[in-house]
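The next part holds the structures, each set out as structure tokens.
Look for subunit A in each of the two complexes below; its partner is subunit B in the first and subunit C in the second.
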Partner chain A sequence: MSRMLFISEEGLKLLLEELVSSKTVIAPVEADGYFDFKTLRHAGEASLNYSNTRLPPKRFFLPQREVVFKHGPGAGFSQEPGYGFEAVLFGVRPCDASALSILDSILLKPPNPDPFYESRRRSITVVSLSCTRPMEECFCNVFETGPIRGSGEDLTLTRIGGGFLVEARSSKGWVLVNGFESLFRNADVEHMQEYSELSRRLTEEMGSRVKAVKERLVRLEETLDEGFFQQAAQRCVECSLCSFACPVCYCFDTEDYFEKNCYFRAKGWDTCLSQSFTRMASGLDPRASRVDRFCHRFCHKLSRIPLAFNAYGCVGCGRCVSLCPAGIDIREVLRRWG
Partner chain B sequence: MGLNPYVPKPARIIRVKDETPDTKTFTVGPNHFQGFTPGQFAMLTVYGVGEAPFSICSSPLDKDCLQFSIRRMGSVTSMIHEASVGDEVGLRGPYGRGWPLERMRGRDILIVGGGIGLAPLRSLVLYLIGERDRYGEIAVCYGARTPSLLMYRDEFDDWTGRGVSLHLTVDVGEEGWRGSVGVVTTILGEPRLDKAGAIVCTCGPPVMIRFVLRRLVELGYSKENIYASLESRMRCGVGKCGHCHFGGKHVCLDGPVFQYGEMTSLPRGISPF
Partner chain C sequence: MNRSEAELRSIARSLLEKGVVELVIGYESSGKSVRPFFASRPEEAERLVWNPECWFNLARYLRAFKGRRVAIVAKGCDGRSVVELVKENQVDKGSVVVIAVECNGVFKPAKYGSSGSARRVADYCERCTTRVSPVADYLVRSDNQGSLKRTSGSGEFSKDWLSMFQRCLKCMACVKSCPFCYCTECSIEGFKPELVHRLRDTRELFTFHLTRALHMAGRCVECGACESACPVEIPLTRLYHELNEWFREKYSYIPGRSFEEPPPPLVFKEAGEG
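Our next item is the complex of A and B:
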């Protein structure tokens, strides 16, 4: 662990105000009973009293739809400009921040890193806020993506008495700290004791929920129990909420079109639950049945992404569990195969 | 910042040839893929319509242009069938893992194709006959539904004249057809090759690949020397879009050419077993 710092409650307020006045700050804002990431107009809008946001901050790195090239007659090829902007993403939970490090393993993998994602990862500073009140459906303990700290964040804040413990996790994190040096001081022994105590309590609390060993999940591919998945797949209404609300789901589709005398291609979120996801023009479809698509969703996250990218495709944020209208619960898969 | 891998390079259609009633072979240039491996594929863009993966069917020894045999099927293929010489298309690639050329040196080679599945194998045949003395016997077993659906018919004499033993079959004969009638597995025993050492490359409809693999093993070909090219829907070709991710493998990165053993661990549907 790197050197721990401390910032007071008042200091954090000042920091947010300073940041909002000088750059784009995206933070959880409460509206209609939900918390969602929004660009702050003033620091007071940010709400830090949330369990988690309704949707992950994925869209700031992977927009729902974006133009990837434009090709105009006479103009040659041009890359759609304007992607990537300096911003601070504030108050991300460690699970959602960890999802970014998983996306890094996939989307930045050589030799063809996604330049749009790469640019946003470089220009957005991710400040996470430890989770001190995990929700009933959370299971970050399985993937070690929380609740105190995950991976993928530049700065990790943990609320303790009178303020926050601060851990810079990357050079971007240090740049932020160094820019506002006067607001931070070294954490003292009492702070560290409180932190260890909190960490121990939360780890214990989370650990008693879903007991699963993530390394065992690779077996899922080999010992797929058709009956189990058939039952769940029957209930699935193919709404794809689980994919679209997932902080890790990254699959995309493309769309070509002609507009204002130019050819464009856009890419946008897709989901492996869609009937057309693997269907070829000939009509052949290697994953034609709903059960097969359904199995793939779980296998992809728990064993196929690990095999291909050495990372797990799930961070245990619990959104797919709470949002599924059919009550389909990935934790059952974890309990059974993990 | 890395280069944008989603941007195609422009190319023009140089020639269009009717191959079969539903398939045309397009010659495009310039050849952006110098030094590609036979069996690799390209993402071909019809601007404003879409993009799809196609096997490169020309030889890498042809430095000036690339060829693609395209069957009229969906929106992209229907639009390109309407295209004429001089029209612009976009190309990205070459992508994927091609046929195992290194392992083929000095060995006998059996090539087994079905229908339009001969396209990625034609690239291999043309390459092999261009470097003929580096390889042992070369045999091609090729089947189609009818004689008029056999691809590259006008090149067959050239292939045989340059040391390829060619075995043809059709599911249903037509007037004047004097060759074999039956599925391609019925002629797999014809070529006289060193079965234990020969490298086998196959491509065709999934059901054909399944029975070809089974028959090859029965005939005594070694599993570790058998390769097949599989197809999948793709959007990016570079392992990012998720469409061709089956099991732990991406067809676009780890394939489209897979070794026998690799295919046994692919999930149902994409696996030919």
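Our next item is the complex of A and C:
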């Protein structure tokens, strides 16, 4: 753990105001009883009193739809650069921030890193805000992606009495801190005591939820209990909600279209649960049945990504658990195999 | 367990014990909420529940069991779906046993990270006029005699559909939760030809939603499953309700009301066409 700083409640307000006046700041804003990331027009719009945003901040790094290149008579061929605007993404929960570090290891892997994702990762500073009230469906402690500290953030804020503890986690984080030096001071002993007390309380609160044992999960594919998955897959309605609401799911599809005398190639979200994703051009479908596709999603997250990238493909945010219309619950898989 | 739940379980158990059906499609508890459940053994009937959390329309699963003997736990709107699906040849009338449950309205599911904790009956239920399924082999009466609050007209709400559709993630939860969306390939999924370019821009979302709205006119039973499944709360049922109202005025047809009335699109004749 690096040096801990402290910023008062008042100081954070000032910091946000300063940031909003100089760059794009994206933060949770409340509307109709839900919280969503929006570009702030003024600092007061941001809400800090949220459990988590309805949808993860994934779309700022992997937009639902983006043009990757265009070509046409007169226009030649041009690769669309990602939009590399300088922005601060404020108030990301540690689980969602950790999802970014998992995406980093997958999408930035040499020799072919995704240039669009890379440019956005470079230009967006991620400021996380620790969870102090985990929801019933949260299980980030299982994957050590929260509740206080994740792994993909540039700056981690933790609310304690009178203000926030601040930990810079990357050079981008230090740039932000150094730019507003006067607002921060070193954390003192009482702050640190409060921090460890919070950490102890949260560990206790979330400790007994579910667990993940990597040695068992990596063998999930060989030890699949057909009955269990068949029963759950029978309920699955094959929408894409779980994948689209997942901070880690990154599968994509491409589409070519013609407009204004130009050919465009667009890239956008897709889901492994959909038959149109697995079916190949020849008509061959390696995962032709719903059960196959259903098992694949869990095996990919809990066994194949860990084997290839040494991190789980799930951060325990609980969105899929809460949003699934058919009540499919990844925690049941963890309870059985974890 | 309440009285109606006990009654439901005993009906389901006896249907499975006697082998009348091979499966009872119902709801089971999933901790905080409920979820669809397929009971195939008599002892599994004990897991069935019935309460205002049961918002999902189970008739959506019937097409997967076409030709097989199944029973379904049906609210008023679910029962209307069965009727309409029979008329559209998607469900065999004789093979489905309907266990009707009297419904006083359901709650919209509490979604991830919602700040409000007060649960109230979904607004599409306030428009409902069918508390009991029009088709019933068994009827389970409600425990409490609560009545549905009916609102006249549509009340005040935003009709800025374009901005509401712009929230759409194209996750298809609305389509996939709907009993009437049984197209093998949806307009939004099709590649040959591409009717909707999923990855182009928001105009395409409008095309998709209007296509779906037109397909729902005069067929939608307003069960609200699409709206409740929607992660970004697009009030789809309101849109389909307006189309249904127009359809009712024009053809005096209410979807799912009875087996006898043929759906107008199936018997529609152009002027002078005999």
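One rule holds in what follows: the second predicted complex is superposed on the first by the 330 of 338 C-alpha atoms of A that agree within 3 Å, B and C clash if a C-alpha of one lies under 4 Å from a C-alpha of the other, contacts with A are read in each partner's own complex, and residues count from 1 in each chain.
The rule is simple: a contact is a pair of C-beta atoms (placed from the backbone, for glycine too) under 8 Å apart; a residue touches a chain by one contact, two chains touch by 3 or more.
A quick note: this is a predicted structure, and the numbers were derived from the prediction, not measured.
Student: Who does A:Asp292 touch here: subunit B (first), subunit C (second), both, or neither?
Tutor: Only subunit B is touched by A:Asp292; subunit C is not.
Student: With both complexes overlaid on chain A, does A:Arg54 touch subunit B (first), subunit C (second), both or neither?
Tutor: second
Student: Of the partners subunit B and subunit C, which touch A:Glu238 in the superposed model: first, second, both, neither?
Tutor: Only subunit C is touched by A:Glu238; subunit B is not.
Student: Go through the superposed model and pick first if A:Lys267 touches only subunit B, second if only subunit C, both, or neither.
Tutor: both
Student: Please work out whether A:Tyr257 is in contact with subunit B alone, subunit C alone, both, or neither, and reply first, second, both or neither.
Tutor: A:Tyr257 sits against subunit B and subunit C alike.
Student: Check the residue A:Ala308 against both partner chains and state whether it touches subunit B (first), subunit C (second), both, or neither.
Tutor: first
Student: Which partner chains sit in contact with A:Val175 here, subunit B, subunit C, both or neither? Use first/second/both/neither.
Tutor: After superposing on A, A:Val175 lies clear of both subunit B and subunit C.
Student: State which residues of subunit A lie in both footprints, the one left by subunit B and the one left by subunit C.
Tutor: 253-255, 257, 267
Student: State the interface residues of subunit B toward subunit A in the complex, per the touch definition above.
Tutor: Against subunit A, the touching part of subunit B is residues 1-8, 10, 45-52, 73-77, 90, 206, 231-233, 235-236, 238-250, 267-270.
Student: Quick check: in the complex, which residue numbers of subunit A touch subunit C?
Tutor: Within the complex, subunit A touches subunit C at residues 30, 32-35, 50-55, 64-65, 135-137, 231, 234-235, 237-241, 244-245, 253-255, 257, 259, 266-268, 274, 276, 318-319, 322-323, 325-329.
Student: Which residues of subunit C touch subunit A once you look at their complex with the stated criterion?
Tutor: The contact residues of subunit C facing subunit A are 30-38, 56, 60, 64, 111-116, 169-173, 175-177, 189, 191, 194, 197-201, 225, 228-229, 231-233.
Student: Using the touch definition from the top, list the residues of subunit A that touch subunit B in their complex.
Tutor: 68-69, 71, 77, 79, 106-107, 109, 112-115, 118-119, 221, 250-258, 263, 265, 267, 270, 272, 277-282, 284-288, 292, 296, 299-300, 303-304, 306-308
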